[in-house]
């Protein structure tokens, strides 16, 4: 079925790689070379994707660095231009300049220490402006970090191949980790494997037909099923053949996040070794004593021999 | 019609529950277990979904707590490091430290009380930074709360089953509560009920065909109609049968909100008891004396015997 | 053609109204009654949609009111709790309290006037907090006002009915007023008119087929054409018949705004009287002396007899 | 094939222009005339699209101008209304007013210089308000600048026409310059050229069929191919004919940006001269020594004779 061969924008050279294409966390195993740093680097992007502990450290050390610098400038401009510097040693006086800088940068402005000369006043004016611009930038950055809709979809650790309505089926299980509702969830599964093409092995991509491509609600778990009928590229394939062909199942899920009112994506992949033959997933949905439906998310990965 | 049986990502175990799946307000009756708190909890999410009175209380008490804490720190660091503390008793002096803290945290910085020692200056520098970061975070949070597009679609209290173009129809009525325009409004109605499956009752889901699935404008009310023809799973079903099968009608509406330029969703459900047989909705659209079309939204729920 | 009769969520009662349904500016002529004020009113919505001059006045007078109020509170708490009040008369002293309030609310905090008593300090702490919360709210509001993607699509003042490829066509012309690019622009035209339904006039809605429903680019003008062939509800209709049937053409355009990366909508309508028979639009696209394409947007409305 | 002739909202007059319609950077070569400045000008739009160096200069000079102005106002209101002005000459006193203005506008408020008269206090109150409103506006503006999702898609400098699966193909190559993932990338290629229409040349637009219109992933390069079969408007066309007909290939790409969770667009065009006959693109994807896939983005433009 020619129609179901769908390239994913990947050249045939990738065929030779045995490294997985898509990591479990959805990132790609691709090295990008040849562009100057500034062409692809975006500071905003970088700061928005940083883990929180790094982000907080950057704020703290940035704050210290800025004030150490401005403190030095005030000190260099001259203490005669500053009122309220009481320190006896040069270091004490420098520290007072640093503290004055923090009061200016944050616009606290106690005024006990204050600029009186023209030079110090100019520096203080610019530092206060810099403080406000930084605040404006930081506000946007924090909002950007928080408001980025990120789907936290849990994928089962393994996929399984098990009997399904008379034939076999390739299956994996997903659930929403977060409490926010995902609506109109849609899944694409692509099989990537080496195939003999005029005698030489070449990597080929097959979009697999799913029993159901979309669900309206996603408040419980969803077992995504590809029925292995005669039209399936997995028809009659054994575990050994699957591994020999360096198979990888690429998963993309799209959904509408009800809290952020935005479309979100999640990606993952299963390599041949992560597919368990002859197993099925254990039930994780129960009815509580109060009649309420319960889902045990910690058992999402559990499967058992058929 | 196999095509119209569409699972909603809900395991068959849910079949045993008699508790409604979807609450009237659109939330799901599902208990999620087994994930550690931090995996699913998102502080931003929590603060964004909180009712206003709780949100305001959190701001107020958080502010008090922060200043009580920083006041204690200044007091502990030592009053000799602070200028302008005039209190006679320890409590008065502590209060002055608290007020100094509020002036620092909010960056007001009157300066009447001011840090003079190195320790107090360091604490004040960090508190001013904390104040700005909190402001930045709070700004994003407030914007997040306000700008979240929330459709306020009113659903009629009951659905009705009444004659419709020669046959019967399952109907409910909706209107937009807000003044903002909703465009390209689209509805999905799914019937969930217990059916005998090889002798045992199992919960099944049927997507119901609608007379009209989408409307371009939604400035008046819309009566959504599922015609009960021979292909309908409701064909020939009596009120008793509907209740016996624990039927629930799950409604999802999607629309484009013209004010926020974003897609919004609304959900609700009708249990069998909330469906009134042989009733129809009363008219709520009139022409005013000035020729203007009027809609009486307080009568949206009104229905009468046919 | 039953398929092309598409209700727009408007009850048949609207049939009796002769007032236009959709105003030229895209707002609806509908009065909404019966809901308590707080159900449908959203302060954020209101402030976001307000014209700029009203918005600015609200800021200014709100600022004055807040400070007049807080000034009164400081005055009432007692001048002995304030340092730096030098006024001789009560009015002067009250004014100084008001100015102190502005310094606190904006977190300027000069400190010349400063709270010294516990009561005044508490009020000042709360006022500074209120100032920051207001700033946070105002920031979100301003961003909300600016970042709302609003399509400024110019619609020709009149629609025309003129010969088009052998038959007649209903046409109107649109152009993008703004410099930002609109992509994938899509148009729906619905004819609303009174038709005899079992002898009584009833309002009916027809979605009109367009020669082209979507264009990829929209950097020049676009003449939207509905060819009046035999399947058209306008086939053979004269100007008198059009007016007698109280016809109104409802236009909705959807597009992707390239600057805001969001979907935008524009709406308008043409009543029968705004449709000119036997006229066509004059050309407004020229090639400048430098070979550049030019569009004369001020002539968008111009039409001439065929 | 009438179906594949698709006008792009461009009048036939554009036919006479030999200037390219779409620039390489995706902007249009169209001059818009006849609208008053304020109709189409949007300050927010302007400030959001400005290059960074201009934006920063505007902030800096705006800040200087505002304080020069407010300094003059304080000076004019009278130095007797200000405490803490120590300057001997008028210029020194004016400078002190300017510095006081910066302290008020940024809400630093050291308080060494402070308003004491009613007039100066009123001006300072309003300036502090202006400062906060500017901060709120600036925060939104900075966030708007950063959060605007801009696809940085690299297009190969030339398109090529080369043998492709037995026939010829029109091809160009694209890659994502940024590190953020683009999903569901979709391409439209439109050929614009002069054709003889009843003897006179008229510009016509043809949407070209692509071997693949959409790819799910876009982490490597993608060679977009239009197979020149018998149904193609390029069938049998030579390089000379292509240039003689003033051909231009208009490219639009749409994608979902995973970092911003928004849809993005990219546009470019190839004029006949930018199409190289009988060349094909050189490979740019390799497998590194560690088995990782590598893409050499600096060689994206490279092509060689077949």
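Going in written order, the chains are labelled A, B, C and D, and every chain counts its residues from 1.
Quick note on the criterion: a residue touches a chain if its C-beta (ideal position, glycine included) is under 8 Å from a C-beta of that chain, and two chains touch if they have at least 3 such contacts.
Just so you know, these numbers come straight off a predicted model, no measurement behind them.
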Quiz item: How would the subunit A/subunit D interface be labelled, same or different, where same requires over half of its residue numbers to be shared?
Solution: different
Quiz item: How much rotation, in degrees rounded to the nearest 5, is required to superimpose subunit A onto subunit B on the basis of Cα coordinates?
Solution: 90
Quiz item: Taking each chain's centre as the mean of its CA atoms, how far is subunit A from subunit D in angstrom?
Solution: 26
Quiz item: How big is the gap, in whole Å, between where the Cα atoms of subunit B centre and where those of subunit D centre?
Solution: 36
Quiz item: Of all residues in subunit D, which are in touch with two or more distinct other chains?
Solution: 103, 107-111, 135, 139, 141, 143, 260, 262
Quiz item: Which of the residues in subunit A end up touching subunit C in this complex?
Solution: 107, 109-111, 139
Quiz item: So in the complex, which bits of subunit C are touching subunit B?
Solution: 6-11, 13-14, 16-19, 21, 28-35, 39-40, 42, 44-45, 48-49, 83, 103-104, 107-111, 114-116, 118, 121, 124-125, 128-129, 131-133, 135-137, 139-141, 143-144, 148-149, 188, 190, 250, 252, 254, 260, 262-265
Quiz prompt | List of subunit D residues in touch with subunit A within their complex | solution = 59-60, 63, 67, 86, 95, 99, 102-103, 106-112, 135, 138-139, 141-143, 146-147, 152, 177-181, 183-185, 212, 215-222, 256, 258-262, 283-288, 290-299
